[in-house]
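Below is a structure I'd like to ask you about.
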């Protein structure tokens, strides 16, 4: 799923979470898992942008099932992008995030630029 | 509203519901009704994708006002597309759905493909 | 931020609110403020469409902090577009709206047309 600008990328989508609601995270992870059953990973570019209090959901918790699900999807090429403004607001250090999460300067700009690049937007 | 790829289709939109919340369904139906007052049906392609627990909202209920509203909009060409993964998860048989609803293999893929085809996305 | 169709407009985004939930308004205002720190205002076209009960949030309240935030963003070129159908439903006169808000005939159509014009969609 790496070369995101490659011509073979047919399926582009950005999921958006902005609230600290576990059920929405589960919905997003289910959506991604269902999607990757339907399309070959090498033809897809899938990412999730978390801003606002949703960044709290991506803090590593000892033994949490969500850690494993996020890590497994990241291993399949899904990008989990955390808004740096929001991390600062909630005093979350990037080191506390689940493995596979990366930091983006401004979540809102990431959402806009992805859509300008042809990514579909889905708000679970 | 049928020939969705026709050149005369100027207004394309996909509404998305993914939660079993009646008020969001009402909002979506109101949005569609308002829209079809503004644009000629033959120039519009309007659909709604339901996944997650939102598929429960489209079960036929004896005498429910929503049955009639969904059927009336379907009669005007609106497509109500139910995610098959979600129907299976909630043990809903397609026969239980309001007339005019159809089944799509994966709701999330339908949302992505519609947007890639130029449909606007609206999450009520 | 005025000439919305100018070639220099690189960042186009429409925010959507459709519920009378203060915390979502705050999120939208924060998103816009963060965005305008990242992109030069003259290269951005930013708007917010409110329909459904969200139009209630934009009634002027004596001394409310949100009045000042909306007015300040409007002063930077953000367009706050209120659905006329929704204003009528809730018996809100345009005169009651915060300065800087304008009325659009149908919010749903505004959302569709903006996206057709290349605006990204964000639902806080």
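Note that the chains take the letters A, B and C in the order they are written out, and that residue 1 is the start of every chain.
Quick note on the criterion: a residue touches a chain if its C-beta (ideal position, glycine included) is under 8 Å from a C-beta of that chain, and two chains touch if they have at least 3 such contacts.
As the structure is a prediction and not an experimental result, all values here were calculated from the model.
K.L.:
If each chain is a dot and touching chains are joined, what shape do you get: line, ring, star, complete or other?
P.N.:
The chain contacts form a complete graph, every chain touching every other.
K.L.:
Have a look at where chain B meets chain C and say same if over half of the interface residue numbers show up on both copies, different if under half do.
P.N.:
Mostly different residues form this interface, as fewer than half of the numbers used are common to both chains.
K.L.:
Could you state the distance in Å from the CA-based centre of chain B to that of chain C?
P.N.:
Between these chains, centre-to-centre, one finds 26 Å.
K.L.:
Which chain B residues sit where two or more other chains touch them?
P.N.:
Only 121, 123 qualify.
K.L.:
How about chain A: which of its residues touch chain C in the complex?
P.N.:
Spelled out, the residues of chain A in touch with chain C are 16, 18, 51-52, 85, 105-106, 108-109, 111-112, 114-116, 121, 123.
K.L.:
Which positions of chain B touch chain C when the two form their complex?
P.N.:
11-13, 27, 30-32, 34-35, 37-39, 118, 120-124
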